[in-house]
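Below is the structure I would like to discuss, written out as structure tokens.
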Amino acid sequence: MIVEMAKGVGVEEVDGVVQRAKALGFQVQLNLGTDKIVVAILGGHTGQVSTDTFAVLPGVESVTRIMKPYKLASREFKSENTVVSVGGVEIGGERVVVMAGPCAVESEAQLMEAAEAVKEAGAAVLRGGAFKPRTSPFSFQGLEEKGLELLAKARERFQIPVVTEVVDPHDVDLVAGAADILQVGARNMQNFTLLTNVGKSQRPVLLKRGFSSTITEWLTAADYLLAEGNNQVILCERGIRTFEDSIRFSLDVTSVPVVKKFSHLPLIVDPSHAAGHYSLVPALAKAAVAAGVDGLLIEVHPNPKEALVDGLQSLTLSDFAQLMEELRSIAKAVGRYL
Amino acid sequence: MIVEMAKGVGVEEVDGVVQRAKALGFQVQLNLGTDKIVVAILGGHTGQVSTDTFAVLPGVESVTRIMKPYKLASREFKSENTVVSVGGVEIGGERVVVMAGPCAVESEAQLMEAAEAVKEAGAAVLRGGAFKPRTSPFSFQGLEEKGLELLAKARERFQIPVVTEVVDPHDVDLVAGAADILQVGARNMQNFTLLTNVGKSQRPVLLKRGFSSTITEWLTAADYLLAEGNNQVILCERGIRTFEDSIRFSLDVTSVPVVKKFSHLPLIVDPSHAAGHYSLVPALAKAAVAAGVDGLLIEVHPNPKEALVDGLQSLTLSDFAQLMEELRSIAKAVGRYL
Amino acid sequence: MIVEMAKGVGVEEVDGVVQRAKALGFQVQLNLGTDKIVVAILGGHTGQVSTDTFAVLPGVESVTRIMKPYKLASREFKSENTVVSVGGVEIGGERVVVMAGPCAVESEAQLMEAAEAVKEAGAAVLRGGAFKPRTSPFSFQGLEEKGLELLAKARERFQIPVVTEVVDPHDVDLVAGAADILQVGARNMQNFTLLTNVGKSQRPVLLKRGFSSTITEWLTAADYLLAEGNNQVILCERGIRTFEDSIRFSLDVTSVPVVKKFSHLPLIVDPSHAAGHYSLVPALAKAAVAAGVDGLLIEVHPNPKEALVDGLQSLTLSDFAQLMEELRSIAKAVGRYL
Amino acid sequence: MIVEMAKGVGVEEVDGVVQRAKALGFQVQLNLGTDKIVVAILGGHTGQVSTDTFAVLPGVESVTRIMKPYKLASREFKSENTVVSVGGVEIGGERVVVMAGPCAVESEAQLMEAAEAVKEAGAAVLRGGAFKPRTSPFSFQGLEEKGLELLAKARERFQIPVVTEVVDPHDVDLVAGAADILQVGARNMQNFTLLTNVGKSQRPVLLKRGFSSTITEWLTAADYLLAEGNNQVILCERGIRTFEDSIRFSLDVTSVPVVKKFSHLPLIVDPSHAAGHYSLVPALAKAAVAAGVDGLLIEVHPNPKEALVDGLQSLTLSDFAQLMEELRSIAKAVGRYL
């Protein structure tokens, strides 16, 4: 249930709503907007309580039910766009924020070369995987702690924020030591233990859509992060599993206007994992920017042919630089910049 | 099998290849390119014949097998882009061709108002359905012959080419009397009798992708048209069926670079049927243009709320005009015009 | 809208309902049950007419709206199971009816050998394709008229009813000359022109589910047949397209209880097209019988390795005979016989 | 790579293969069959090593590459069926093992009533969720530790083994204290940290298929468990996500013969989560047994209408008892017992 307070109400009125909710066994989240305060009343059984329970309280302007399963990620709870701020970079504002780098951190030389080049070409955030969730236990699983150290080093040397994936709920602090943005991967979108721990960290989070999750399930997974009071959440569309077999995943470009319509959270697109092949990445990246995303997550490798993971989908440094030029024109055409 | 002739060969050499192929029971199609001639050797059993059978013939430069099931629609058969010309409008060239109009022709007033407005806003082709394939036999099935008459009238009055759907293989001539482009709908993409008859008509064809057809199946369906010697084929992506339930179909934007890579045929996108809701159409249309399509097929209705079919996905005349403005910027950003 | 007449009403009362419906521009279908008469009021705009319009008429017991898009195929219109009778074989009764034979009719020898063997093993209907809808125009398209002649010959020689596919709406009479059951293939499930013509023929029809059609769309397609007054309709589940790539189609066994719950039409399963591989056919056939189907459609070939179409999914004659034995046990375990 | 040792070889020969593999940086797993020993050579780069490297070693009979991504779960590594033994119950043998109980443990009374009834009806294992992974953070998340205590109590009172889900990689020991079989849920099928920890526990594991995971991905996930030397792995099919919307998930019955063909692991089916509605459960359960599964996982609740989780898909105690009777006939028809 969403309780909108009247403009200019004081602390007591808001507290009155909160106390009533807690007395009924519900959880509560506040959205302190610039000109109004919204209280979300949360719990499995809010449907059994009349809206009048809250509507009669002093200072309450309106009470409405959210029929969707997600509450905190919804526009009903927060109508203005959320902007996530990471080391001076704003995600969800006018700039289309490009996050780029290698799929996996492989060596200091590889990471530094990539970091320098993507920054030079205009990327605002460096990506790189230290813990790699791999389909087979016998594949390269990432450099792990060593990878985190290299990411921390690149961050400092090139003064660029870093995004990297966390896979173990008990590694959140460890990864947060090296990363500005914690990435929750597609396969972990409904790993609720991980979501809860990442939410508690209060760090900016990049939440990838599960490759077979509906948009509703994705936004409801975001609620696990938001429920811990962490509202630094960035959504990332990375392609869905369909019957089409000429590509690895079908980029669900339709999710862009749908998410923007129903949620206040910033949204970026990962064209590399969707495509699975470098030659398809530019078209998907351009489509995403034209559709209105707030950023892109792109795999770039100094030498894709020798990449340990996903080399086929990585752009070379020069292809990336050229793509950035092309994206600038598209961003401009939709009233943004890159 | 694809037989590339050497530059400058004469009629006899080409004929030699054709005769050898026919003697073996195969069909043959020629691609007379600007600087070379390619002969496609077609049939279910080409795999049982050695490439040497043709390689030894005079004037043959190379012989290669096409492993994909589609042959005539492939870049191997024809490397340069096909441009389809309809009433002075070129589809597959530099211009992004917008085809717009109502889902179904409902009345003279409705059609004429729509036709005037879409032409005014910059659409190059008028769309409108006379025969409507409907899921239920008890739904409005279109004005049929009467609808065709109205389309012919609009075409003449506004001097704009018309695209409309044909559903019965035995109605091809009837529909061709009123339409410049014959549309084969998604549900008929593998209606091979219809494809063969439409192919025989030698009219430009718009072949919609079946909503659960792979790109390979779609291009192979195009081969049914091309096999009849009709190379005026335009492909149309209109969304695929996935698990996502917030939209009607998921626009497969990935098909744009994939089709462009593997086929020479022009490709347009129908964002209206994918979205199923007018509010999502602009983002999808922009994404498609940025991804590199040759045109768009957009539903526009003077009064969407009273539309007999698919009103929810139709743009109003003014929303359409505004979208055209926005699309112009995107087209320019990717080196095209609208 | 479904109008249930009171028990024992006369012709005038029923006619009164029919006349009122027609006066309002609706179509009408009657279900003359053993102890009551049901009138379906059909049309795109029944939602705009109050149920009272009919409820007040003499002899009317109740009026209810069907919210599902299919009407005539629904249990609301006809609560008792439909039994289709073909040459003495009842489909939808206690017997599990097995239809078996080659995918395509290839020669007299092949067809006669298969027909004799499947009849001997207990099949009740002979299957065999004369017109084959093929993905590529360059694949074998069936023996066409010649194939029909062979089917007619086998039918007479072995005194077994025949099911074969019709693909051109204008070939219905031709095919009906050789076949007891007209098959509408999966790719033509929404070929509404074909459905209408097949419906008009009044012949028993086997309507395959489109491989990406929902059960609701399938039953609504059946309405096209039933709307022509043809109630000899058999549904056939043959697998749906999913992301799973180890088989050709995923047999949707869940459709068995769902169809039985919502529709009165008999339902059979084609395990051969779902599996795409002979080794998987027996398990699927057994699962279908245990789940409660009324029959099976199985591909059997005297020499699968040399089959022109789909040899990999065909059972040998001896494997088929063995499977029939195993199916008998399962049928018995669920209170049926084979 | 799979190294098959000759019959009757000694420890030294096997050790020679193991040492060579380790010297090359590979991992090794042994399958000590009744009449031969097989050594799996594992690692991301086995493709770069010639099979001769091992073929020349003494005692080696043959060396073959496994092209599939899963190795230890494959029939190539272990041709005979694996039988998992839990408290005297064998899963993968002749008996079809039914595991039944409530979706979530809600109270002592509810669990004890269910446990008594399912045992009485012939269930061999008691199921019940203590930790519930729920889509929304505001839904009931299970009784957690309290639920485990109740399960342990039921296990003792009714002398029946217990299966329950573990969701946090760091809770494995805790859950193993109360459960005989650790369940890894569908949403965690690719939670590799959890898989590794569960594998290390050496406890029998029930690995549910992710609802959008291919069979290949599922078997490769099993490799994470097997790689830790835990070969007590039971697979559980529970329905896949498709476009069909009349049920919650489409039971992929085709996975039964496919898994049996490619893997040695026992396989059970969960018809309750697939169906999402109690009325569909019996047909799916029967289909699964006829197709050849080794067991079933069925939700049963003393009072489904008041269930806190998934009541709609739970059978009543009496419906379950009746289903067990019907399943006995099917099991017998396929040469098994229940």
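In order of appearance the chains are A, B, C and D, and numbering begins at 1 in each one.
In the analysis below, a contact is a pair of C-beta atoms (placed from the backbone, for glycine too) under 8 Å apart; a residue touches a chain by one contact, two chains touch by 3 or more.
Fair warning: this is a prediction, and the values are worked out from it, not measured in the lab.
*Asks:* Go through B-C and C-D and name the pair with more C-beta contacts between its chains.
*Replies:* Of B-C and C-D, it is C-D that has more C-beta pairs in contact.
*Asks:* Taking each chain's centre as the mean of its CA atoms, which one is farthest from the centre of chain D?
*Replies:* The most distant chain relative to chain D turns out to be B.
*Asks:* As a quick test, compute the distance in whole Å between the mean CA positions of chain B and chain C.
*Replies:* That gives a centre separation of 33 Å.
*Asks:* What whole-Å value do you get for the distance between chain C and chain D if each is reduced to the mean of its CA atoms?
*Replies:* Chain centres of chain C and chain D, defined by C-alpha means, are spaced 37 Å apart.
*Asks:* Multi-chain contacts only, two chains or more: what residues does chain D have there?
*Replies:* In chain D, the residues touching two or more other chains are 212, 241-243, 245.
*Asks:* What does chain C use to touch chain B in their complex?
*Replies:* 27, 42-44, 69-71, 133-140, 167-170, 187-188, 190-193, 196, 210-212, 217, 220-221, 223-224, 227, 241
*Asks:* Hey, which residues of chain C end up touching chain A in the complex?
*Replies:* Touching chain A: residues 212, 241-243, 245 of chain C.
*Asks:* Considering the complex alone, what residue numbers of chain D touch chain C?
*Replies:* Where chain D meets chain C, its residues are 212, 214-216, 239-240, 242-247, 250-258, 260-262, 274-275, 279-280, 282-284, 286-292, 326, 329-330, 332-334.
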